[in-house]
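Chain nomenclature is as follows: A, B, C and D, assigned in order of appearance, with residue numbering initiated at 1 for each chain independently.
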Amino acid sequence: MRFFSDNAARVSPQVLAALIEADQVDTAYDGDRWSARLDEAFSDLFGTPVDALWVTTGTAANCLALAALCPPFGGVLCHEEAHVETDEGGAPEFYTHGAKLMTIPGDGAKITPDALRARLGGIRNDVHQVQPRALTITNATEYGRVYDPDEVAALGSLCREHGLRFHVDGARFANAVATLGCHPGDLTWRAGVDALSFGFVKNGGMMAEALIFFDESLAADTLRRRKRAGHLLSKGRYLAAQLLAILEGDLWLDNARAANAAAAIIAMAAGARCLHPVEANEIFLSVTAEEAASLRAQGFDFYDWGTGAARFVTSWHHDAQDVQPLADAIAAL
Amino acid sequence: MRFFSDNAARVSPQVLAALIEADQVDTAYDGDRWSARLDEAFSDLFGTPVDALWVTTGTAANCLALAALCPPFGGVLCHEEAHVETDEGGAPEFYTHGAKLMTIPGDGAKITPDALRARLGGIRNDVHQVQPRALTITNATEYGRVYDPDEVAALGSLCREHGLRFHVDGARFANAVATLGCHPGDLTWRAGVDALSFGFVKNGGMMAEALIFFDESLAADTLRRRKRAGHLLSKGRYLAAQLLAILEGDLWLDNARAANAAAAIIAMAAGARCLHPVEANEIFLSVTAEEAASLRAQGFDFYDWGTGAARFVTSWHHDAQDVQPLADAIAAL
Amino acid sequence: MRFFSDNAARVSPQVLAALIEADQVDTAYDGDRWSARLDEAFSDLFGTPVDALWVTTGTAANCLALAALCPPFGGVLCHEEAHVETDEGGAPEFYTHGAKLMTIPGDGAKITPDALRARLGGIRNDVHQVQPRALTITNATEYGRVYDPDEVAALGSLCREHGLRFHVDGARFANAVATLGCHPGDLTWRAGVDALSFGFVKNGGMMAEALIFFDESLAADTLRRRKRAGHLLSKGRYLAAQLLAILEGDLWLDNARAANAAAAIIAMAAGARCLHPVEANEIFLSVTAEEAASLRAQGFDFYDWGTGAARFVTSWHHDAQDVQPLADAIAAL
Amino acid sequence: MRFFSDNAARVSPQVLAALIEADQVDTAYDGDRWSARLDEAFSDLFGTPVDALWVTTGTAANCLALAALCPPFGGVLCHEEAHVETDEGGAPEFYTHGAKLMTIPGDGAKITPDALRARLGGIRNDVHQVQPRALTITNATEYGRVYDPDEVAALGSLCREHGLRFHVDGARFANAVATLGCHPGDLTWRAGVDALSFGFVKNGGMMAEALIFFDESLAADTLRRRKRAGHLLSKGRYLAAQLLAILEGDLWLDNARAANAAAAIIAMAAGARCLHPVEANEIFLSVTAEEAASLRAQGFDFYDWGTGAARFVTSWHHDAQDVQPLADAIAAL
């Protein structure tokens, strides 16, 4: 009955099994057979050659990507409520050596082409103002909204036009793909995306995330940056094995679908209380303090979201039976 | 028959069990019961109040410590063959924002008080020269030598005298303690050490290391630096549980003793071939290219160490039976 | 008839004389008699012991101050139109190693205590959000407004309450003091200010600015940071002599008063066109594109300020006769 | 009778005249006619198109160049007694965001191709070791030696072979050219040099140095880095005018020749006391403490250089008459 965050959920059984399998050999760093298969496995998934690196956190994936895409003296355009702006403790600035996050407003933590154009239009092209070099969006967003392939492509097109590199924070990329039913390539390289943080931890993984470079020329330096950031684990095989286990048989999609379906049940019950369309596995509801207290008294855990609102997040292991009590309780408020 | 490195070995069974135990709950970041016990568990071990943080690599532990001990414009004194200088891909410079590693020579990768004094004596105290602010030593060293408590204390005393903070890279700290038979406090806080990177990965762990602050005032900012470096795992409980599993019942000492004992068997067989006294679990031997080839033909894997030398490292799971064939083969060269 | 910026004006004759005087000796770095007098000269001016360092730009002064007041993982609160945020090319992020500028809105580029409180109230105190460590205000502001001593003190008091250090960007500090007629200490240390960038270049200097530390404990490390940033000139005497020449006989106040008086003449003529109260030497006017073109056709140079507005800045060497033609032309629009 | 350093000498009269000339206009940053002429003036001098930027210190010139040539995770090869390694307070690490200086030994602070090859040969090409990306040499060196065009070209050729960019710290470049009598292009772009810090301050300037990019693609980003480092002076015309005044009529060569000639007189008198061949304007002599004291008692000022040695530096304004007393005194020791 805990709906704090998918980032805390226990792991898929296949992940535990993969760790035990990876324990049979003794290879160091990324010299193991699982790590060696990552490029191919993700290239197959995306339908284009990619370079895939394991890291242990989404923050590291995001920030290694941004460091590859933006020089220290450049700027990274992002939503004003993007995770990189609000919840990564200054990690983007650390990894990029002080690049400036340049924020853009928008409903549901989504950036529209118009909003991007307006932001770009307000920047003088001189040495006194930081010049943007990259755009990062989150898909699904921090408010559980998704960008569809056309929306991503429209932003990608603007990026090309303005000389910006393009990154997607896909902490919940699987949830977006599951919702949209599209090919993962449609949300990424076919839409002009250079790099993707492909989240696994929120989707059944233990501590392995994938950083995907569609522009493969960026990978070599990033291998050095990963080491330099202390993220080259000596027993990296335990990370690679997690990723492969979740890719195997499209477990990543099954997990995301399960979380999304659970969220949909809650959203249906919540109706007009929903502050944002529920398009992935996060539900933001309008609830009074008394209503929140009532839900907690019934054993449901979740975060308050400012005043008069609450966030519920479903996870890969939630099924209809798990969330029905919450849905009922919300409906009964 | 692989003696490449202890950093690649499989993990202690207790570690796998701990992961499964940690999988029963869903708590985020370091809000779990295992993480909450770390300060107390390590305080008990060291016999003094400490702050203990989990991280996933020794590089991260070392560099977070150095960032806490040295400002960006300062210098970190270290051995010229220290891991931070030669094998961390510039991570110390990344984490410290460009502090300068100031190297010191010495046999067996050990720094003597005289060598430290000589290095300090060569630095002009003006703004043109970087001023050292910290000393870091590795114990056991990169050549498998150990500093005993008196040696550490002599360096600690010099640090106090010269206003230097003192860090120990203890990637193989357990091996040093096992060899010396001393209390872990004797090699650290009682000798003036401010921070210790306490290695678990080379000693049966999967991807959890402990960063120990004897000067607890340094911990709060380091929690922020850890997040900023992308090292705050959302499912941190799987790291904390590893550390506790290895502390439990002194498994860390048992593991280290096993590795040391295995090394001793090889060292005995190698006799005068040993390039350094074997005081932990690393053996550096003088072998010709032909001899190395012969050993490899017999199925033994290891690293060449420059020309005419080879490095063998034993691990926690090696027993006498495992290493006897190698010992015999070396004796027969 | 150029009103682009006081930062381009020619220098006071006393500055040229000082350079010639400084040319008589050959001393390196800050080992000259002018540099040696700075601490005392500024301590006398402020009525409290201070440390004073010369640098060549306001950007360097601001950023060295911020680096002294805020750690890399901290945040610096500033107005959203502050020079450090909009016009320093990412220098604050460079000098602070990636500290985050956290912006606050407000009329006339002024920060009110309420606005500061509101911003602080929106920051969660956890490791995921960057925590502010310092506040910087600009006095006179980027829109030519001034903070009076009570306003500065109110912010200073909030800083103390919230553990924030307090910096003033005084690129036009002299203009603020001239307007307010107060003691320079009233706008700084008596109001809780830790460090001041005291501008000389916009007030008759050539390339010398003063960085003043009221908290003298911050100076020693800043001397190292100045060197590290390549700002320790080997012939620093030519900078120190400039500063002393402008301090001498209160030339700094005379210069600022002249600029302010010239601005007042223009403001009087502009009347309701003034977009902000003219409290220093900058005038922002509402003018149509046609009106701006007309003024330019009459030989007046100035910057457009977005659409429908223009900025005029007066300088130390402007007298009534210099600006009357512009005042007349504006009145005649 | 002061022979401490050429970096402290008074300035050429033409420099003062240039400042007065530059005082006649009011243009900001590098929007003046002097700054606009720099590219052409230096292109003419070098016989190839270059980009030329003014900065105020050699440290800034060196470090902006290194930041352009080496990524944060790379290494910069330099002599172990290079100014960037020993006397810039960590500025290279600051500007490059932590690139590692990788030192090379050699007589007279010169790097030989063999020494460079040996250093390169000792670096493993993996992510654990920092990979060198650039070489920097000082010409004339910190010991007053010069590299001739063939020597520079041999290093340049090695750089090409190993994918290294090539920088020359030319704090005393004029002295080297004056000694060799070669074309300045022979010591730079024709020999494979990408960027040059061309010193003016030690050669009659006040606080203006030139950063020359032979690879013009590096200039645009460096303009941003210069601003970001606080080195874009608002009254930059006073710097540009200095540079042009010293270029005018080959004053830079006249000044350097005068300093070199003065040094030659002292060297002749010193004979076998010279610790290094005197090839520019620095003389390093073997003198006992008593001899040094005797010279000082006679009114000569200079630096001790470790034990039993002293450094004397001549400047642009020294003529035979100025240095003869010192020459005589040394001869009489």
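The definition used in the following text is that contacts are C-beta pairs under 8 Å (C-beta built on N, C-alpha and C of every residue); 3 or more make two chains touch, one makes a residue touch a chain.
Computed from a predicted structure; not experimentally measured.
Novice: Answer with same or different: of all residue numbers used at the interface between chain B and chain C, are over half used by both copies?
Specialist: same
Novice: What is the chain whose Cα centre is as far as it gets from that of chain B?
Specialist: It is C whose centre lies farthest from that of chain B.
Novice: Determine the centre-to-centre distance between chain B and chain D, using the mean Cα coordinates as centres, and give it in whole Å.
Specialist: Centre-to-centre distance between chain B and chain D: 42 Å.
Novice: Averaged over CA atoms, how far is the centre of chain B from the centre of chain C? Could you give it in whole Å?
Specialist: 50
Novice: When the C-alpha atoms of chain C and chain D are each averaged to a single point, how far apart are the two points in Å?
Specialist: 34
Novice: On chain C, where are the residues touching two or more other chains?
Specialist: 72-73, 88-90, 94, 97, 127-128, 224, 227-228, 232
Novice: Sort the chain contact graph into one of these: line, ring, star, complete or other.
Specialist: It is complete, because no pair of chains fails to touch.
Novice: Going by the contact rule set out above, which residues of chain C touch chain B in the complex?
Specialist: Within the complex, chain C touches chain B at residues 71-73, 97, 127-128, 131, 221, 223-228, 232.
Novice: Touching chain A in the complex: which residues of chain C?
Specialist: Residues 72-73, 75, 86-90, 93-94, 96-101, 127-130.
Novice: Can you list the chain B residues touching chain A in their complex?
Specialist: Those residues of chain B that touch chain A are 2, 4-5, 7-11, 16, 19-20, 23-28, 55-61, 63, 88-91, 94-95, 201-202, 206-207, 224, 227-235, 238-239, 315.
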